[in-house]
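Both complexes shown next keep subunit A, but they swap its partner, so subunit B is in the first and subunit C is in the second.
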Partner chain A sequence: MTFAAGDDVVVSSREHTGHHRTPGYLKGRRGTALRAHDAFRNPETRAYGSDGLPKERLYLVSFALPGGDRVLADIFEHWLETAA
Partner chain B sequence: MSHDHSHEPVTTAAEPPAAARVRALTDLLVEKGVVERDEIRRRIDWLVSRTPAHGARLVARAWVDPSYKERALDDARLAALELGLDPGESPQVIALENTDEVHHMVVCTLCSCYPKALLGPPPDWYKSLPYRSRAVSDPRGVLREFGLVVDEDVEVRVVDSTADMRYIVIPRRPPGTEELDEDALAGIVTRDSMIGVAEAVPPS
Partner chain C sequence: MTRAVHDRGGWPTDAPIDRREHDLADWELLMDALENALEARGVMNTDEMRRGIESMPLQEYESVSYYERWLFTTETILEEKGVLLPGELDERVSS
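Presenting the complex of A and B:
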């Protein structure tokens, strides 16, 4: 597990063609890992007939909204980078 | 496969394009032996047998049993099994507790991920583009349109279930419900309160 609860992370803003589960509005955004979920089959390969292995760790990540509210989203580990 | 039967829809109304697409895909998948019609029927029957009453039982137990609530916050799939509820096949579920400090609401901005095993099929608005896009940009505005005004000193947390996890909200237990037993409590837990766009309704 690369990230622990409390770690500051950034969602990768790399280009990606094809099915993936990282919402566009969060790409490039800085957030905080809240919880490490299990590892799951990778939807990016599973969508095209593969077994989706190796599994990728999923994290619940918190992002700030204006006014003190927050968005919590599930982001796969290979879309997260350590915040500088 | 024999073709002595019609593939026309059994309906008197004009078939919507999405329904025609589903029918064409179903016919192809059956013809190619990928799925059987009975399997599709079994899954549809399962889906329509799920209702918010299942999730409401989980919430009511969480209201009366703090240790059960902690287990549901950690793993609502196991918590559902404890009550004899069917938590569905693969997706994992966790519960989110609304309190006087924090209000959770759930969305899937990418499609319509939803804890169907505990809440039944999602409402149409949950799948709509306006809800999915505005929930994460103007959650308080969306909640106001549902008739729910969240106090300024309460933090709103919009949970975007974009992958394999599913989320069910444990709404705040309304005041004046101290005398209600677990079954009566389950009766005041609405679907919308478990999505987080409403409060549980106090008894009148």
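Presenting the complex of A and C:
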């Protein structure tokens, strides 16, 4: 699934016991994709000695906070789902 | 949801953030240099290094400093890859 700027997304809350870069406090949270940075080697396989290919697209995602602040985080595409 | 030792964002706490600056000890600078050299030579990569830190037992993770975690993971990954024998560092240090 490729996301466009402005798409509403939800961070997957699936269990994953190995190395991954998706922070727990964002799992299950709804946000907005702001842009795709680029595609990078996958840290989830690279952490175990592989070359990390194929590359995975990494998005800048914005999460709204009460009071108008927001959290910006980089989330890999395979951790993002389309918001219902 | 299971969260590993390093995955701490959003943990409730009343503790203040320690914003004091501190000088790095010589061994900490060397630890940083060693890590970068190992990565530049393709011996280990950043993701392996992070994975090693995340594998630390909670109590140990909590009780050691930033670069002590780097030392832990470097020894762990180098042993895993057979660059170091298990216990080799301890043996050299104590001899």
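We take it that the second predicted complex is superposed on the first by the 83 of 84 C-alpha atoms of A that agree within 3 Å, B and C clash if a C-alpha of one lies under 4 Å from a C-alpha of the other, contacts with A are read in each partner's own complex, and residues count from 1 in each chain.
FYI, a contact is a pair of C-beta atoms (placed from the backbone, for glycine too) under 8 Å apart; a residue touches a chain by one contact, two chains touch by 3 or more.
Only a predicted model underlies this, so the values are computations on that prediction, with no experimental measurement involved.
Contacts of A:15 after superposition: subunit C is touched, whereas subunit B is not reached. When the shared chain is aligned, subunit B and subunit C each come close enough to touch A:23. Judged by the touch definition given at the top, the superposed model places A:52 against subunit C, while subunit B stays out of reach.
In the superposition on chain A, A:65 contacts subunit B only, with no contact to subunit C.
By the document's definition of touching, of the two partners only subunit B reaches A:74; subunit C does not.
Of the two partner chains, subunit B and subunit C are each touched by A:43. When the two complexes are superposed on chain A, the residues of subunit A that touch both subunit B and subunit C are 23, 25, 43.
Note for the complex: subunit A touches subunit B at residues 21-23, 25, 37-38, 40, 43, 58, 60, 62, 65, 68-76. Listing the residues of subunit C that touch subunit A in their complex gives 1-3, 7, 9-10, 45-48, 50-51, 54, 81.
Subunit B contributes residues 92, 109-110, 136-137, 139-140, 155-165 to its touches with subunit A in the complex. The part of subunit A that touches subunit C in the complex is made up of residues 13, 15, 17-19, 23-28, 43, 46-49, 52.
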